[in-house]
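After this come two complexes, each holding chain A, first together with chain B and then together with chain C.
Right, the complex of A and B next:
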């Protein structure tokens, strides 16, 4: 809680909080930024008490530095790779999705993003017997498709049923529902650590593109909040988060050919494929994978575009079949 | 980590007032004993002061197992199109609860197919239909009542012939299914411009309350209002399209109905070395991302129409051939 309350420190009395409130000092940050002498006169507390208060607040809210070796050991004992079950993709990722990281898959529409994440969800639920949360923003997650993917790997109806019970789908319609659900998952992880290891957000642009144009400023703030929550869940609770993003083809306007009346070489339009959600979001995922068609029917190429722990530019070829990605 | 108040759907004025009084997080407003008295006084103005209200504002949406989802999906009815080829390509017809996009060049049969679906959604249950009604949002004055009459005549005639094999009880039921009843079951909304389009979509929930039988919403040419008239840049356009489709999706799930939108083709520059252009659906890459199912229609030599499935979650890309006759859409 950021607002001052009597439970924070013994010296902080109800009247003191009221006095501070009259001078617009409400939160912990307000107290820490204000001059102690001034605080003493406003709150009518002893100067000594103010110093105790400051000390209590600082020690309550500060993070403590750790030695690199301890951090490394903790990381090694808590982190693991979640194998995707797609052999070539696992090799590309060095074993699978590393927990504590935010991954992004981007690609043009119809490039197989949804198919890839449904396959990963099915494989994790089937092979690791772990709960997978799918957050569905545009009704793209199809139970039939999940069923046919699992059916291609397992013939026992009971096992298929048990596996499908482990894939939990939540449909959200707007940003607020998305945030509420992730926040609820965070609270659940505090109560039962380790209950969730993989969260898939199936298409983030679907909730954010409605804030483009005139509403762009709203979206930046909301995107910021979401980014910090996602990072928090991934890092504090050793969860892999997989986010689907859309890529789009950009043609720089000034270089697009308008007419050919000059004898000069026609200017080469600069065509570029970019992930959506802007430059700010580009920094958020730890690893970004780009999926595209590679000319072979049903063949797809997956390339590492950005990563903190993988070689950039490395790629693998997978194919989309009737029972998922292989 | 606390939940910032900006991530709760509150009126902006309420957000500002709360912030001025030192409330930054949800946990500041709601303690384990409910909404704190100080915040209660502030929120009274917006009628948001009750505990239940805050619970609703911050409640997570429902989670369901994919097993349940699968069972529901298997029983969802579909709207048949009179063309077996298209039906089998779509997995049995146009699915309820999804957004289907039809795109194609002028004269490729987008409007024809959408009018046909408007007629087909009304086929009564005794003939294997779903007995619904349709809303046709007409943005480019494409709706042609005479054409619908032709399709309705042939559809009702066909059903009358079929009804001879039914028992008397069902036959009585099917008597009400006439060409006129089909015409009555299509609610046409003519709109001009973006503002009217958005208003029409916002008013749909109300219309659905009054006409509970509506099982289909068609927007014939979603792209048209964005091409002309009011100035609208690309960013605003994407935002409007996403708002409209998001509203439609919520309705589609809540009321279990199908949404069909049509889209035009536009020119796009694709190759970077040798400048090349290509026809692609309008409204940008983001539009294709948002719809669940995308069909590309085009004339082929011989006067028939080919449909290609560009995007679909359950079906791999495939194609179908059909023809447009006086009676409507039929197989070749």
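Right, the complex of A and C next:
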């Protein structure tokens, strides 16, 4: 939401903003919603100036329309797959993480989410020689682990060192730090386009669950803001964003049948696995992958839960080894 | 004595009143009838995540922007994209399947891949995309529609993928309490800027964007001011009697090839159709 400021339009004076503020008109949208005559009397500006202001605000904040073909050509020349370096996962994803998309990996704790994203980060840094931003919210990303994953693929010490330098780990303690870091990345991308292709947020629930209790409504607002920012970065700068989410098991007891004769079987509790962060967030990522144990030691099954471009329900089997996910 | 009332009209209004935009007849005979949506129709598509709300909207866009010799209507469309679920990729796929379907219906029509590609490029020229990233953007885009429509006389349809996309962040900065009244307000702005132009508006709304307690703004049925309401849902949910609450966050189980159902309600009555989702879009059963 854009707050009113004197730089927006010449007719908007400091006193006018103060006058408007007293009647709880703070933002651009507030002004546009209000009746112009009323605005003139509140702000003590000329009616004509109010109309000028409205016009200026609308034309300055209207997003730039693009012709479909131009947008498509731009997308085609800038969009690419970032190979994860895990063969089976690449096949599942149709080539890798598609730039411009927000991906979510969710799974129960211990299902290998962190191992998967560390491996992807290491592979991208090693093979594509691109900077990978790893945002660590749980303060537990192990540099040693990344090092050993790279060692499993590369023996040259110098290359290993260079690759390690390409993986930039940022620790954030809370939601606001996460948001401001992403904002900083956005500005960096405006200055140096193409400098970042992959951003990994290692566990969003870790900084977010604290808001989910009493202040549920506010928490959704924060999540909405984060989603907008993440989508802006992904979409406008062709970056893939990988967000780790937790899944949890829900057991719903079916109510017992009233007459015992008709139904012999005892009620079966309905077990459901859900991604955290609620219904609003469920809609945000372009693709949601679910990772789970498949009974084989170290084996993991990755399933497409939601996607705009992949077949729902398709899956692949990967295994976790000492040098990352294969 | 009779009272003569002279109604003043601005030049812009006159132009808008006199201009004829191409019609949308035959856009989707199954859902919208043979005459297609009428000018000033507001079509609302609602449903849980992954039931094909955006796909249905984009399917209409594809049909509208394709040229008539390729099975489309050849009209211009504006897409306001607030959800950013890569609409262009989906759209191109839908354009291809739309042409494929038309080819199988029309004997003697052969399209090789280069012809298909030029047809897609030609169709995309009729599309205008506006990407919005926050509520100020969305609001000004809706207000600016008036000018945009005036400059594009061939534009007959406006599609907004997820109208309430920024509800929660608006609410954080001290917005309205009710989802319904929020939607109503956005729709009023939208209708104000489109009412002088003979365009059809299509918007999507995730089904959880609805007040739990009906607000006083709510009309008797659960439309929020739309003339046609299309509700999409998974059929297997309804059969087991399980509430569809949060089904978007649940994992698809073994029966991932589920069937879906679309219920259309409008002044002309109600009808329902079953469909599957595959890479060609929504396939009707």
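Rule of thumb we're sticking to: the second predicted complex is superposed on the first by the 256 of 326 C-alpha atoms of A that agree within 3 Å, B and C clash if a C-alpha of one lies under 4 Å from a C-alpha of the other, contacts with A are read in each partner's own complex, and residues count from 1 in each chain.
Definition applied: contacts are C-beta pairs under 8 Å (C-beta built on N, C-alpha and C of every residue); 3 or more make two chains touch, one makes a residue touch a chain.
The structure presented is a predicted model; accordingly, all values stated were derived computationally and were not measured.
Undergrad: In the superposed arrangement, does A:168 touch chain B (first), chain C (second), both or neither?
TA: In the superposition, A:168 touches chain B alone.
Undergrad: Determine, under the contact definition given at the top, whether A:47 touches first (chain B), second (chain C), both, or neither.
TA: So A:47 meets neither chain B nor chain C here.
Undergrad: Let me test your reading of the model: by the given contact rule, A:62 touches which partner, first (chain B), second (chain C), both or neither?
TA: A:62: touches chain C, not chain B.
Undergrad: For A:177, is the partner it touches chain B (first), chain C (second), both, or none of the two (neither)?
TA: After superposition on chain A, A:177 lies in contact with chain B alone.
Undergrad: Should A:145 be classified as contacting the first partner (chain B), the second (chain C), both, or neither?
TA: first
Undergrad: Name the contact category of A:222: first (chain B only), second (chain C only), both, or neither.
TA: In the superposition, A:222 contacts both chain B and chain C.
Undergrad: Tell me which partner A:275 touches in the superposition: chain B (first), chain C (second), both or neither.
TA: second
Undergrad: Is A:2 touching the first partner chain B, the second partner chain C, both, or neither of them?
TA: A:2: touches chain B and chain C.
Undergrad: Touching chain B and also chain C: which chain A residues?
TA: The overlap between the chain B and chain C interfaces on chain A comprises residues 1-2, 24, 27, 221-222, 225, 228, 232, 270.
Undergrad: Sort out for me which residues of chain C touch chain A in the complex.
TA: Against chain A, chain C makes touches at 49-50, 54, 65, 78-79, 83-86, 88-92, 121, 123-137, 139-141, 143-144, 148, 166-174, 185, 206, 208, 242, 246, 248-252, 256-257, 279.
Undergrad: Over in the complex, which chain B residues touch chain A? Could you list them?
TA: 1-4, 6-9, 20-25, 27-28, 57-74, 97-99, 233, 235-240, 242-243, 246, 249-250, 252-253, 268-273, 275, 284-286, 288-290, 292, 294, 310-311, 313-314, 316
Undergrad: Any idea which chain A residues touch chain B in the complex?
TA: Against chain B, the touching part of chain A is residues 1-4, 21, 24, 26-27, 30, 108-110, 114, 133-134, 138-148, 161, 164-177, 179-181, 183-186, 203, 205-206, 209-216, 221-222, 225-226, 228-229, 232, 246-249, 251, 256-257, 266, 268-271, 276, 298, 320, 322.
Undergrad: Would you pull the chain A residues touching chain C in the complex into a rising list?
TA: Contact set of chain A toward chain C: 1-2, 24, 27-29, 32-33, 57-59, 61-69, 71-72, 75, 98, 100-101, 217-218, 220-225, 228, 231-232, 234-236, 270, 272-275, 278-280, 282-283, 286, 290, 303, 305-306, 308-309, 311-313.
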